[in-house]
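First the structure, which I've put down as structure tokens, then a few questions once you've had a look.
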């Protein structure tokens, strides 16, 4: 068989994690560089996947690998990627180096702590980040439900330690209190997601039971199940299907997070350091929305369309609710967290609108939101680390002392409010159009969020960056080279994907088409058939021709 | 030829990129780069214009397709430009006035250490505005639309250390966003209706579409226009926008950006023509705004705010004209262009005055400046004559035509609109005369010890002169055998309205009300001295000073209400949503606390439990057997 | 009389032993009570052997004795070492399970 | 021989009589086991019960087991118990006062219920007919057992062998104390004492003014309180400290009073401080 690219891509960061963790306590800097090296290697592999991937090719999944793993339960080690997975893997692999760079000093040993041979926070921090990357990547690749579930849950362990173990020294009430809050947030994160995971586990077992009952041999393979269903060999009773769907969806909704299951996110993002917060919202949570797209819809088409109205309303609520709460936040990180809740609402909206625009938009949204939030959150992290406070009220006039920081912060903010010309606009507008074309009312209401987004972003910017310079920030240094290296590429990417998202859309469209065909939904047709609809790229030249001949 | 179109946008864009990312090493040359690129863009525009003039009227439209932007399913957005007469007009206005104002800013911003960034923003604005008028589909137009919003946000808040400036900038952006809701919804409806949102197919297909959808689109577009062009009810941001540097007010908030709404409506003429309801809404908004702005303009003592009010009302005229359909489009654009000249000139004049008066903006502290800054006085005066529509100057031709067209709407509407327009003209004459008198005539109301009024440097006066020339002759040139109308006709389709009153009568009426306005103003401010401390004034005056209480309304309803809402939501989130979760956790804890009692750690109590279990088992087996 | 009375006796002894385990605190005595219970079981086995007319019951009883012997050895050793460290043979003092 | 445990569902009168008498003894022995205050007595009464059981084995045709019961159980295991009791302290009596709340009632209740359940179980089990070991023991009981052990139960037998070995080794490991460090010499110990600073001179000798002199009598401090230091730690641990007889104390008080009169001093505090003297050792014994 061919070179197991997917396995290797997941394995490299795992190996990196082990290697980093194994380094002796004294070699802190070495650990950092090692972690960075491995993350870059992963990025290279991810890009290789993107190049080896042929968007037009037949069959939903490519670069597939399949080995029997636990034959007794029909569990197989099945990997495969479609366009969506490729995009998200690329996003993950892209963000991790920046996360590592941004967190370069987050896990340094405090000066006042006595040296201890066993105590190696730095190694642990970067090893955990790499471990998370490995698990996220493989859960993007897994096409076997059980395999996916395994890593979907295992992800929680390193995340738990990242949240609970490493906080930015901006507690406000002293380190003790901060640590207490951190661990509380971490526990909440863990329990919340575990609860979701357990319900999903029940559903997974149920799925196995159903397949075993109807196909003779039980299976977890997504493709087998989809094909069996298409061939009519497998038809799950309506009630069962709905229960199973809810079981899966609950876990993903917690992870996503969808209102009203969102309350763990602000705590987790607020208490953890900025890079970890980015890890949570930009990387780990994407697994939830991705899984909705890959598993919920494809395994349980009827149930999905049955639940669509409710889910759409929930998504709509979290869109507006998140934005409104973001407006009222006093803590920069929590504000960004609530903004993310609003954005995840958009993603879910797009997924369940069941239109090609909606789902492509949702996928693009996952990528773009990852990048934009990373940009905003990391800059916010730099800001917080300088001033040692997360409260918006403690800032003011930063723009005068640190113009570059303020500028990058503004760009990140503009991306968050999805300004046209920046990447998020494309995805958000696609989601809105996709939703509107099937559910006009919801589309219109969701559009209101663009004003709220502008509100919370601009209020944040105004309170922190503009106005008279406060004494506390007067001595604040501008972005250092390392920080610029982190932010500049992200911003460049935001602009590029905003101006020329075609590579991404070409990657995603076929996969979305396949999903829709599985769900058996078609885009609603326009009311009026305009002859010239078949596309600008053909109409453009046409018009030009006629002009030319007119000129003659 | 069409490949040059991209150049129009590219030049200022490159400038912006250079200046904003260039860093300090560009500080010394920055403003020159910016100006150069603006002028370059104007040159390209001129070339294209000449080329266009060389073609037959029907085939002047150029189209350039750069690349396919967002292709998803039936959803195809392209980055493609379309340069027809309408766009051409705007391109010339934007690049022309833009270049002039770049030059002006070189002098005006001389002492600002962030001048490089200022020019970067100006270039960014030019690029966005050109994108707006050159786009060949609504989505790309949307990009430009937001782009100018961003540029105006950055420029209004340019002096960010002033909280008022920052707040004003935020307000402007937010209100514009409200308008953007309209634009995006309009695009969505278009997509669901026509499956596309490119000008060509959409405007071509309006014929065979239900009026309902078209009305929806029209109203949504109107909402967008209101946001961008500061029309009632979204006008509140324009006054505060005057916090920005004066060149910004001249370029963005007088000449170009605020007129984007007019462009949008004119561009979508086909839709409005097919949706009379939407059209009616447009004219109503226009008429209301032109009076609203005029009244506000009368009460302001801040020279820039007064001019802002006048801008509002002049755009009201344009919207009104655009709402009249084919009989009005051409005149709307024509007034837009002439207004671009004289209002920019007026603002630059105001800037020049402030420049000489240590950035004093209160007209009650001016007076008798005509001898100190003659050039400013002359150019400002010409602009003034133009705006009040003094016969022979550009304002006269364009505004007169609009009033005519308003009457030509026919029926009761016609009379009402015409009357409103006439009234507006009168008030315009009044408040502009007031500004003129308070600034340049009368006795000095400033302290010679502190301020030393002086004429501005060449770099500032030259643009003013050019604009003054424009505002004198533009209207006349356009009206020579309706050159302008015929130029635009292929795009906007022109129809001669049959007015119930003859053109001459309208003109006469216009002149009469004009003189009346001027007279009243002279009686009030010219004959007797103006008090430095503003008198209390009538209820209307006091209301007008506060923008007719519209701001207060917004504050109470939206700001306060919003704060209340969010605060309650935060409470709910904490107590209800999160409370449920924490409650579950707490109850679990309590339960386990109870069970914990069993674990005494004493072997014998465990033994008791074991024996109990054994007993239960035995009992169970016995029961099993007995059953 | 019916040999089944032996079984009643066994049951009685067993119960007494169990009660002793629960009541006494001296580890050694507790141990003795356990022995008592084992013996009760043995008696029952023996009686069952007699009832079924084969020796398997006795075999089981035999094994029980052997195992009991081993268990006693180890258990007493444990008690001794505990006593050495804690200077007490009360089972209540070895309540470290809860901490 | 075979008459015993003959194939009958009723037994001979002799066996009946024997059962009723010895059964009573057994039950009494068991009760004594759990009710006696001192471990030794429990052990002895348990031994009695076991002997009775041995007789019952014999009566039930388990000759081999009967003997083994006497030899191994009563002879070896119970003796082991006695050794341990001796090791831990013969006189170390644990008060029957219950410390765990409700433990005793729970125990009694459960025990009773359990017993009733068992008896009920036996009662409504159909155990009427007894085959008796007539032919099973035909070739001799021991031979029969041997045949079974070395054929059918050989593996279990081997396993128990291994178990016994392990148990023996385990017991040794548990009880044997490894001397990890070199025994400290007297010099070192004295040095350590000096370094520690407390109790530099040798510990005081037991015995009170040589009235009666014994290792288990604490010496008295000048104020008449007995000093625990003077008694061997082991005795202390077992609580085997005999308390100073009252009259000795009174005598001492007398002495002091007289001397104080002679020295004209009042003895308020001392006499009061002398009071707790006798109580002290008892508390020590509790621990």
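Here are some notes:
Labels for the chains are A, B, C and D, by order of writing; each one numbers its residues from 1.
Just so we're on the same page, a residue touches a chain if its C-beta (ideal position, glycine included) is under 8 Å from a C-beta of that chain, and two chains touch if they have at least 3 such contacts.
All values reported here derive from a predicted model rather than from experimental measurement.
Core chain by CA centroid proximity to the global CA centroid: A. Once the centre of each chain is set as its mean CA position, subunit A and subunit B turn out to be 36 Å apart. Computed from the mean C-alpha positions, the centre of subunit C lies at a distance of 15 Å from the centre of subunit D. In whole angstrom, the spacing between the mean C-alpha positions of subunit B and subunit D is 100. For the pair subunit B and subunit C, the distance between mean C-alpha positions equals 96 Å.
Each of the following residues of subunit D touches two or more other chains: 100, 103, 106-107, 110-111, 114, 118.
Residues of subunit C in contact with at least two other chains: 18, 22, 25, 92.
Residue positions of subunit B with contacts to 2 or more other chains are 600, 602, 604, 608, 611.
Under the contact rule defined at the top, the touching pairs of chains are A-B, B-C, B-D, C-D.
On subunit D, the positions that touch subunit C within their shared complex are 5, 7, 9-11, 15-16, 19, 23, 26-27, 30-31, 33-34, 39, 42-43, 46, 49-50, 53, 56-57, 60-62, 64-65, 68-69, 72-73, 76-77, 80-81, 84-85, 87-88, 92, 94, 96, 98-100, 103-104, 106-108, 110-112, 114-115, 118-119, 122, 127-137, 141, 144-145, 148-149, 152-153, 156-157, 160, 163-164, 166-168, 170-172, 174-175, 177, 237, 287. Taken in their complex, subunit B has these residues touching subunit A: 2, 20, 55-56, 58-59, 61-65, 67-80, 136-137, 139, 142-143, 145-147, 150, 153, 157, 160-161, 163, 165-167, 170, 173-174, 177-178, 180-181, 184-185, 187-189, 191-196, 198, 200-202, 204-205, 208-210, 213, 562-563, 565-567, 569-570, 573, 577-578, 580-581, 585.
On subunit B, the positions that touch subunit D within their shared complex are 600, 602, 604-605, 608, 611-612, 614-615, 618-619, 621-622, 625-626.
Residue ranges on subunit B touching subunit C, taken from their complex, read 599-604, 606-608, 611. Across the complex, subunit A meets subunit B through its residues 188, 191-192, 259-260, 262-263, 321, 324-325, 327-328, 355-357, 360-361, 397, 399-400, 407, 414, 419-421, 425-426, 429-430, 432-433, 436-437, 440, 443-444, 447-448, 450-451, 454-455, 458-459, 462, 465-469, 499-502, 505-506, 509, 523-533, 535-537, 539-541, 543-544, 547, 550-551.
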